[in-house]
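Input: structures, listed below.
In what comes next, chain A is part of two complexes: it sits with chain B in the first one and with chain C in the second one.
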Partner chain A sequence: MERRTLLGGTIATAVLGLTFGLTSAALAQQPPIKIGMSMAQTGGLAGGGKASQLGIEIWRDDVNAKGGLLGRKVELIVYDDKSSASETPAIYSKLLDVDKVDILFAPYATVPTAPLMPMVKQRGLLLMGNFSFQVNSKVGHDMWFNNAPWGPADSWAASFLELGQKAGGKTVALLSADQEFAQNLAVTARDVAKRMNMPVVFDQAYPPNTVEFSSILRALKAAKPDIVYVASYPPDSAGILRAVNEIGIGDNVKIFGGGMVGLQFGAVMENLGSLLNGVVNYNTWLPEPSMINEGTKAFFEKYTKRAIEAKVDPLGYYLAPFGYASGEMLEQAVKAVGSLDQKALAKYLRENEHKTIVGPISFSADGERKESATLQAQFRGVVDKNIDQFRKPGTQVILFPEKMKSGDLISPFEAARK
Partner chain B sequence: MKRRGIFFWIGAIVFLVAIALMTKLIGNEYPFFAGYVILQFIVLAVAWSILGGHAGYVNFGTSAFFGMGVYTAVFLFKVAGAPLLVQIAAAAAVGALMGFLLGLLTLRMQGIFFSIATIALTIVIETSITNWRYVGGAAGIQLLRPPVTWPFSGYVQMLFFVQAALVVLAVAISRYIQNSWIGRGLQALRDDELAAECTGVPTLRLKVLACVISGALMCAAGAPAAMYLQYADPSSAFNLNYSVSVLAMSLIGGTAHWAGPIVGAILLGSTQQLLTVTISSEINVLVLGVMLVLFVVAAPEGLIGLLRRIRRKEGKS
Partner chain C sequence: MFSFDLLLDAVVLGVLLGCFYAAVSLGLSVAFGLLDVPHVAHPAFLVLASYAVYVLNEHYGIDPLLAGLLITPFLFVLGLAAYRLYYETFEKRGSDAGVRGIAFFFGIAFIIEVLIILQFGVDQRSVTATYIGKAWRIGDMRIPFRLLVAFAVAAGLTILLALYLSKTFMGRAIRAVAQDQEALRLMGANPIRIKQWAFGIATAVLGISGALLIIVAPVDPTLDRAYIGRTFCVVVMAGLGSMTGTLVAAIILGVAESIVLTLFGASWAPAISFAMLLGVLAVRPQGLFGRRS
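Entry: the complex of A and B
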């Protein structure tokens, strides 16, 4: 009897152990959750694309260290889209039809993302957007969620022009590059200026690759505007600031900047140094007390180390934390829904507010932020050739939005430059 | 000669039937997306070599023609919702007209000066489109495809078949040119334009004709790209990459025979597609560069030239 009990007990334990062993082995062997995307590794958008990808990779490592999603590891499948729109349809078709990914992340920026929108709409797929601008306005896909803080299309220009108006500005000058992003900004700036009853006294679009801006700036100066709204790309942003430094912009300019791409990237900022002083420009995340939290501290500790190895932007404020936030939002949605059902995930993302390292995020019907969280910040006390100064609070004082404000505008522009 | 012609047409029909069967039998869309790009490059490379290969006029303006094709389709689709075939036909007409004007340029320009003028053409057209708000301007334009036409199950499959038909058309034209008085005349003017003119070859007429045909085919190849991407923006449509790739494809394949650009486009096009989804980093640009250098050094007359050389050697031994 005793022997029987012992035998029975041994068998039961063995069976139990085996079952448990099998189950845990099955868990460990469960296929990973695949997240697919294309990202610019070459071409004009590569600098931003690589930084953004590093942010997403840090999230992947964090989530895997916590045991993954639904007990499965998270794996990223990333291909180079060469910064071009013509590459992405084939890449995303490969991700979906050959690699059989579970979730799609969009590539960095508007141009590579635009051809994907009809595709994901037709197939009814969730797409986590990555810093594109108004890419869903015509397509109207209800499973699109952009991680960028842009908000409503006109809020970008509105925040800058309102700051100018408060400082006593009455007339506007627009200077914009003849390229996709800059033109989108210029169009909204014209509308907002009209709505605010501020006449546009100077409106000039310059061709891409312009290097010499002194003649354009002389013409702008002659129009004597109070507010100068600039929508430019990295090489032109540097050219414009150099020209401003050489010939000045006039004493009546209250506020200068707005939509200058490039002044968010470490290398450009280090290079321009003191020429940045006084410029008020858009940004997404800055190391000001109003934005730093435990999450961002931990994130940038990892980012700063890995950025050297990955040879990407040493600061990484502009894109990387938002790549991480995309992952965080997905993580919350998957945990809440308990599956990878795309419709259920989209419903959750649309209806809830999500806690991320870059602050709470909630979406409006078009998949853009409900409220704009695009910052307008003024460069102050910047010295030449020192990248570490930008890691400290106070070099870029946040003027907008009110919630994150860390200082007041210094105006006029000429006074702020000193 | 006649038997060869029959073989060619049987081959073309078998090719089109195989493509049609593919659209029916393969459920996965990726081969069509990737295959479309390769077919598009075959048309472009074959079209390029009509002027660049036979006549020896190096055209760097492939992207101008391609982009014009894209925007002709965009314009017609926006203004009247024109169907795909109308878009392609109209693009071919626009390309022919552009080719005619380019052909007149050859009156005064030869060699490197002609090549520079074609780059200038790309810049002028791209700048004009960038400033034309109706077709999206610098910001680009999104297009939503109309429902697919019978007998195709998906739009990409249809585009794949249409591009394959364009391949057959382009190759047939190129083959005809090579074997006819036009090809012989073009070759004569490539070797020495003045001597050709003196011996009675109508050089200007032939050059204009080559430009018109080449331009029409390039524009026609660009037209379906609007519906393929469902988006058009000037920097992608007029990307200089098209000009460089097409030139490389023709040179790698060899310009002495009509099959050269096809071989080059298949080789380089598939390598590009393969590298995009395998290495997928800066290295893939490097690999293409190295390939080009190797071919220029080891096989200056392209793969077809290399093959001929090997055959000749075998014949001697």
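Entry: the complex of A and C
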């Protein structure tokens, strides 16, 4: 009897152990949740793209350290889109049809994202947007969620032009790059200027690959505008500011900047140094007391260490925390829904407010933020060749929105430059 | 709105911009214009030279122009090696014709681009010098010093190259190989060595051109793509192989671009440049200063 009990016990233990082992192995062998995206790792947008990717990678590592999503590890599949709109449709087809990814994150920026919108709408796929501007306005896809703080289409231009008007500005000059993102900004700026009864006295779109901006700036100066709204891409922003410094912009200009991409990146800011002084430009996150919290502190501790190794933007304020926030939003949606069902995830994202390190995020029907959290900040007291000055509060004073404001506009522009 | 002040400004800035275009196109004028090598990696070599200038300026405080001169011998050797590789793998086998030769240089350009990204990352880089960021004021007009530097250097470089090609034994040999390679061979000279030497010269020139590139504007690893069309446009419009022609064609292009940017609207600038190229080719297929073959 004892022998039989012993034998029975051994068999039972073995079977239990085997079952437990199999279950653990099965869990361990569960395929990872694949998140696919393209990212600008080369080309004009690469400075931002690589920082954004690092932000998403930090989220991946954090979520995997907590046990993953639905008990599965999270894996990122990322291809370089060379900052080009012509690359992304093929890459995303490959992600879906060959790599069989579970969730799609959009590439960084408007231009590479725009051609994807018809495809994701046609296939009924969730797409977590990454700092595009108004790519969904004409497509109307109800499963698009942009992580950028832009909010309503005109809020970006409106906040800048209102600051200019309050400073006494009556006329507007628009200088924009001749491509999707900048033209979207220019369109809204024209509408807002019209609504605010401010005539547009100069309105030019310069072609990509413009090398020298002296001639354009000379023409702009001759128009004698009070407010100069610039919508430029990273390679051009530095050229424009350099030309402004050499050619001048006129004493009547009250406010200059608005939509210059590039002036958010550490290396560009370090290179331009004192040329930045006085420029009022959009931003998304800044180390001002009104924006720092425990989440961003922990995030930037990790980011700063990894950015050196990855040779990406040493500051990473502009994009990286929002890449992390995309992951946080997905994480909350997957946990709430309990599956990867794209329609259910989209419904959850649309109907709820999400807690992220960059603050609470909720979406309107078009997948953009319900309320704009885009900053307009003025560069002050910037010296040449010093990256660390941008880590301290006060070098970029927040003028808008009111609840995050850390100072008032210094105007006119020439006075603010000193 | 039209004003003579604005037009004068546009012309002056256009001449300076044109000189800068000439400076970055002169090497290609030798490689493509004289040697008939489809050197689409020329702007990539140019950007590589800019990064070398950046390193010398950033870490050792050397003036960008002096740095450009210092790297010239290294670029000369790089040019010799690049042509030898091209000759051994393509030209010697007679497979340099058409797109295959272009594919080789496109490959080189991509490799250079990736190497720069791996070493320096993707961010823009710039240099510091006393003449960067300041302008010369004449009445209402302000002329950036960095463009004046480009003007002076381009003029000097053009004169030097033109003199080298017309007055020295090796220079005349290079022109000879451009005209009739077989005749040179019959006279007992080795045209391949002459071509290799000429390609070395074409690449060495990029030391100074690369310095100008980073003086005029910040550079990034993919900047070469912006210059492929422009440099080939200048060289073809000039008439293949003419150094003074390259300077004149570049100035015409610079002035046209500047006038259009200032007075008619920036969107039209690239269209005007290439329309001018097509116009010149329609009237003078050999280019402005090229000889009818």
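Annotations
Definition applied: the second predicted complex is superposed on the first by the 394 of 418 C-alpha atoms of A that agree within 3 Å, B and C clash if a C-alpha of one lies under 4 Å from a C-alpha of the other, contacts with A are read in each partner's own complex, and residues count from 1 in each chain.
Keep this in mind: a residue touches a chain if its C-beta (ideal position, glycine included) is under 8 Å from a C-beta of that chain, and two chains touch if they have at least 3 such contacts.
Note that this is a predicted model, so its numbers are computed, not measured.
On the superposed chain A, the two partners chain B and chain C do not both fit; they clash. Within the superposed three-chain model, A:Ser86 lies in touch with chain B and out of touch with chain C [touch as defined at top]. Using the contact criterion defined above for the overlaid structures, shared-chain residue A:Asn245 touches chain C, although it does not reach chain B. Touch criterion met: A:Pro207 reaches chain B and chain C at once.
In the superposed model, A:Val98 makes contact with chain B only, not with chain C.
Legend: residue contacts after superposition of the two complexes on their common chain; A:Gln342 is shown touching neither chain B nor chain C.
When the shared chain is aligned, no partner comes close enough to touch A:Asn147: not chain B, not chain C. Once the two complexes are overlaid on the shared chain, A:Pro235 sits against chain C while remaining clear of chain B. In the superposition on chain A, A:Gln41 makes contact with both chain B and chain C. Look at A:Ala219: by the touch rule set out above, it reaches chain C but stays clear of chain B. Superposing on chain A, the segment of chain C with clashing C-alpha atoms against chain B, chosen from 7-15, 25-33, 61-69 or 97-105, turns out to be 97-105.
Chain A uses residues 41-42, 178, 205, 207 to touch chain B in one structure and chain C in the other.
Note for the complex: chain A touches chain C at residues 41-44, 46-47, 50, 83, 178, 204-207, 209-212, 214-216, 218-219, 222-223, 234-235, 238-239, 242-243, 245-248, 262, 265-268, 271, 275, 311-313, 384-385.
Of all residues in chain B, only 28-30, 32-34, 36-37, 127, 130-131, 137-140, 142-145, 156, 225, 228-231, 233, 235-236, 239, 241, 273, 276-277, 280-282, 284-285 touch chain A in the complex they form. By the touch criterion stated above, chain A contacts chain B in their complex at residues 41-42, 78-80, 82, 84-87, 89-91, 93-94, 96-98, 110-111, 114-115, 117-119, 135, 138-139, 178-180, 182-184, 187, 205, 207. Contact residues of chain C toward chain A in the complex are 1, 3, 5-6, 9-10, 13-14, 17, 20, 113-114, 117, 120-126, 128, 133-135, 142, 144-145, 147, 216-218, 220-223, 225-226, 257-258, 261-263, 265-267, 269-270.
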